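Both complexes below contain chain A, partnered by chain B and then by chain C.
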Partner chain A sequence: MQKSLNIDPGKCTGCLQCEMACSYEHTGTFNPSRSYIKVFTFHHEGRFAPYTCTQCDEAWCMRACPVDAISVDMATGAKVVSDDKCVGCKVCTIACPFGTINYSQATGKVVKCDLCGGDPQCAAACPTDAITYVDADWTGYDRMLASAAKSLPSAEATAG
Partner chain B sequence: MSWTRKILRVDLSKGSCKSEPLNMEWAKLYLGQRGLASKYLSEEVDPKCDALGPDNKMIMATGPLTGTMASTGGRYSVITKGPLTGAIACSNSGGFFGAELKYAGWDMIIFEGKSDKPVYLLVQDDKAELRSAEHLWGKTAWATDDSIHATHQDPQMRVACIGRTAENGCLYAAIMNDRHRAAGRSGVGTVMASKNLKAVAVRGTQGIGNVDDAEAFASATNDGKAVLAENAVTGQGLPAYGTQVLMNVINGVGGLPARNMRDVGFEGAEHISAEAMAEPRKSDGKPNLTTNGACFGCTIACGRISTVDPTHFSVKDKPQYQGSSGGLEYEAAWSLGADTGIDDLDAITYVNFLCNEDGMDPISYGATVAAAMEMFEDGVITTKETGGIELRFGDAKAFVALTEQFVSGGAFSADLGMGSKRLTEKYGKPDLSMTVKGQEFPAYDPRGIQGIGLNYATSNRGACHLRGYTIASEVLGIPVKTELNDTDGKAELVKAFQDATALVDSAGLCIFTTFAWGMDNIAPQIDAACEGDWSVENCLETGERIWNMERLFNEAAGFTADDDKLPKRLLEEAIKHGPTKGQVSRLGEMLPKYYEARGWTADGKIPDETRQRLSL
Partner chain C sequence: MQHLIIGAGPAGVVAAEALRKADPDAGIAIIGDEPEPPYSRMAIPYYLINNIDESGTYLRDPKQHFADLNIEVVQQKVDKIDTSGKTVTLGDGSSRGYDKLLLATGSHPISPPIPGLDLPQVHSCWTLEDARNIIKLAQSGSNVVLIGAGFIGCIILEALVKRGVNLTVVETGNRMVPRMLNDKAGGLLETWCKNKGIDVHTSCSVDAISDAGNGQVDVSLSDGSKLDAALVITATGVKANTDLVADSDINVDQGILVNRRMQTSNPDVYAAGDVAQGVDFSTGNFEVQAIQPTATDHGRIAALNMAGQGDEHHGTLNMNVLDTVGLISCSFGLWMGVDGGDSAELYNADEFQYINLQFDDDQLVGASSVGKTQHVGVLRGLIESRIHLGEWKQRLMRDPTAIMEAYVACTQELSYS
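Then we have the complex of A and B:
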């Protein structure tokens, strides 16, 4: 079974526990500036949006890489950067339509979410379930359910 | 270790920025943030100095858990001699600035001297420099934040700055960070302005990788988060309703002061409560509350993000105030609402925005306006002084106009900026000032709730609920219920809350965790993060040491037991109706017991044996 990160921005409070967990897993430091997941704050709208790689099946970054530094982790489906092969050319950062693979000055390589080998620490750290790790076939089902619930006669009583 | 072990010392007179090692001997006795910075202040500043002169220093300090995964571990404090009180001031703020400072590699910044011209401090990891802020002087805190971000093109930069009220000499000006979080009380922003320091902009990319025992830390912090999530207050009440959950509760028990504490119980409380904030309004179908938002690392997320009704008179023609921003917390809703007798939720949300935008403490501001309103109704102040405004209790339009006039330095702003003690003295009505040591009360009436009155009277920074929040016990039953009108045991209760709070404020954590956490949840997190012994016993003793050190600073500044008192109104004018009808504060019954519990003399002095016991 393949699993996928499922992000619900409406539940995010902008606490950055995910950024600390991610950076701690990958660098051994609490350091949001080196996190592979980013939470954006839209102050005037009062919204927070966690953003990271969705692990496209046909990944633009992987296709664009001239040195085959990005490969599929067969256990998790994550697209993983090999630091041994990456030359830091950044072509993948141009190819990715979502901007979720990024260059790191600290290492001279590109960095991206690798799903922590199947135990994503961002999801584990999220206090509000804004980030969950679910069966890949079930992404979006919670919103489908919420939408379906609106058709119930008692919708007014339960919505919002 | 979790300390970066580095201090940035900024001499504003010379324009120099220097790195120096943190005094680790002191860190073992005072932990960090409030405690450790107060130790530096006590050692380096003459307590008798002019708070707004170049001899005063201002310290921005993080705690060892600031910037770690400990829940709420994002706090920093500003420690200085306060201009409102003349006592030691320590104002704590959340948001994201504190963690960023730590990630840049600094435990604290000590500002000393005074710059000739307006400057701001730019900190990018190890690099620190002072830059001209002449283009920023005269700007609001929000405009300053925007301008610095535009200059440096770094969206991750965090800014703490002052607004116009600090520049205008308002004695309760705050330091704002991340737009709507504040080191709010005692006028720490006024000290910053006195040094010609407009802003501190920080960007840190170094992270924290030196936690003493990483495995124990992960375990202790995860345990702590689980406790917060399962607790009714921190897991449900605060995220859903914020601190505003208290408005109807405190009013219900007979502890909500109103109209400059002339009354207890506010008939309009429900209109300015958390429940009202969640109610969709007619104009656009949206509630006042947009969402809850967290400070750095906080798994509670009590912060309110709100909008004002776009059709409301206060913002109708002002699109810049129609978006979301920091909404009403309980204390501000009380001071701007109940204490002024105003039950217009949109008006006070807008005034709260202005407090954030121009950086003033909404508690002191609202309470000072309330004192002015009482004097206006008594005929002591007239429209001649107020710039034509009929300053009556309950008049939202007058309050909005007054606040707009105040932030831009218009008529009556010099008077209001003094705070209620100086204002009422100026007009010959000192008994109308609802203050201790010159600082205005927050939102709990000491006649209705006895323990909090003792805490106010003995608070080292003047009247303040955040020095010892006995409301937790007296109203909410945390950790055990004590009766509102009992004085027995309140001395010990106040001491226990004050000491524990001093420790939490020195760790980098938020005091709101203590609705769920006891010291047995907190100490293991500190102990895992820091070298040395941070057992429950040592943490409590450290808290007591910090409290006594602050008291010694105040003693040297000239404060005596005579300053541990409440206004006459609270001791003599009984509550007129409601569940606490007939009550006054019985401070006199509690104060001697408090001194005894603290190991002080009958006249509130700290004797040698207590100093020695606490290594002071």
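Then we have the complex of A and C:
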């Protein structure tokens, strides 16, 4: 059974442990600005919303890449960037309608969530279970994915 | 079922892959006339600076990928298409039949009407062959003149600077990338480039290029400047490769006209990528979008319809992203705005930061930014999903940088419990 990140914004306290864990896992530094998961703050509502790649089926980033630098990790289903192949052209960063693959000026490559190879550190670090790593058919995940893809007509019109 | 694809660029390759997924038993062949395996022109700037070797420009692993998918790749020029007999004639005299044909023939650089463009020091930057010629002449310390500061010009501009040349850029428009950025944003790029030592001439054209002897050329500009150069690069736009269908039943305007299924006026012939003039998401008009994301989207839509599994497409969104010597800019959709619409803008010239949002009622319809790399893709999401922003429109009017917050708030339930 493939697993997926499930995010429940209602449980997020905005502690940013996920951002710290993610940046440490991927860059070796505790630097939230280099985290692949981002917690958005809604002051008016008093809410926080962690947000990262849903590893969507459309894989807009993967399809737009001109040099075949993004591939599917067969074990986790994550769309993974190969640093060896990525030339830093950034086409994927405008192709992804969710804004979850981004250019890193520090590395000259694009970066995105890779599910840490099957042991996502954001979920491990989250003290309130706002981020969990669960079976992909769990309904909460479906709702998140459906919300993310809500009314994106490209996804419907070209679903093969 | 025999699917024939003319053109081995991103549109053709993505179409072949989507066809294979949709129809495991079909015959699929890609015909391309360049000597290299299918490669990406987008990667050429990185080849120019030795970031990658030639194989790094390849769209897929040429040894394995196409064989694994049972996709035939044929290196031949196509001489003729007979749409009534449903055959194409190749350069070696052989012919091939098809059930469905995809024209993904791309585009070619256009030459401005300047005397001296036939000199050996003058090149366009379009193919790997062009890139090899540029590498020979663009040596560190040599003088190089780049004609055109559009999207392609600006993308190779960075590579030229990194090769250590003394660069002069000549652009007929009043700013850099005039078809992608407005005056303020284009002005930021110009200042940035000048700060990096690039000699930028806007509202200026090249009058003539002439042989100066000793391997150099003289370049005369309309503002009276005289330059000597070891290399002149033309990047003044591209035009769809429609010659193959010139005298056929296939309708052509700026490109090959296609409907929402990427189908031409001949129902068994489809077109995709730079050569296709398809529906623009924002305007509903038929437009050529010579950009990588559109090429791959077109390729996929065409393939699904060729396999009888597709649907009408809502049109492709025009968008671009550009790295100009480290200053990153992008634009989406109707970045110039619409009549009666509102706009929000943040401009910080000292920090080279800019963002501009264009609304129609409470929907985002266009955007552009400079100096922003995080979450720019969500601008596509906001535009293409036609989300009604509601109260978030006013929040974005006050703070146009809050695009991710707007998207998350409008698409995610902030609490599931």
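What we mean here is this: the second predicted complex is superposed on the first by the 139 of 160 C-alpha atoms of A that agree within 3 Å, B and C clash if a C-alpha of one lies under 4 Å from a C-alpha of the other, contacts with A are read in each partner's own complex, and residues count from 1 in each chain.
Going forward, a residue touches a chain if its C-beta (ideal position, glycine included) is under 8 Å from a C-beta of that chain, and two chains touch if they have at least 3 such contacts.
Note that the structure is a prediction, hence the values are computed from the model and not measured.
Visitor: Of the two partners chain B and chain C, indicate the one touching more residues belonging to chain A.
Guide: When the residues of chain A touched by each partner are counted, C comes out ahead.
Visitor: Give one of first, second, both or neither to describe whether A:G99 is in contact with chain B, with chain C, with both, or with none.
Guide: The second partner, chain C, only.
Visitor: Check whether A:A75 is in contact with chain B, with chain C, with both or with neither, and answer first, second, both or neither.
Guide: A:A75 sits against neither chain B nor chain C.
Visitor: Output check: A:R34 vs chain B and chain C. Expected answer is one of first, second, both, neither. What do you get?
Guide: Only chain B is touched by A:R34; chain C is not.
Visitor: Taking the superposition as given, does A:R47 touch the first partner, chain B, the second, chain C, both, or neither?
Guide: both
Visitor: On the A-aligned overlay, A:P66 touches which partner chain: chain B = first, chain C = second, or both, or neither?
Guide: The answer is second: A:P66 touches chain C but not chain B.
Visitor: From the superposed pair, tell me which chain A residues show up as contacts to chain B and also as contacts to chain C.
Guide: 45, 47
Visitor: Can you list the chain C residues touching chain A in their complex?
Guide: Residue positions touching the partner: 10, 14, 18, 21-22, 40-43, 45-46, 51-52, 56-61, 292-293, 296-297, 300-301, 304, 309-314, 319-321, 323, 326, 328, 330, 332, 373-381, 384-387, 403-405, 407-409, 411-417.
Visitor: Chain B touches which residues of chain A in the complex?
Guide: By the definition above, chain A touches chain B via 13-17, 20-21, 23-24, 27-34, 43-48, 106, 125, 127-128.
Visitor: Give every residue of chain A touching chain C within the complex, in rising order.
Guide: Residue positions touching the partner: 8-11, 38, 40-42, 45, 47, 49, 51, 60, 63-64, 66-68, 85, 87-105, 140, 143-144, 147-148, 150-154, 156-158, 160.
Visitor: Touching chain A in the complex: which residues of chain B?
Guide: These residues of chain B touch chain A: 67-69, 71, 96, 99, 103, 156, 179, 204-209, 225, 229, 239, 290-299, 301, 303, 305-307, 323-325.
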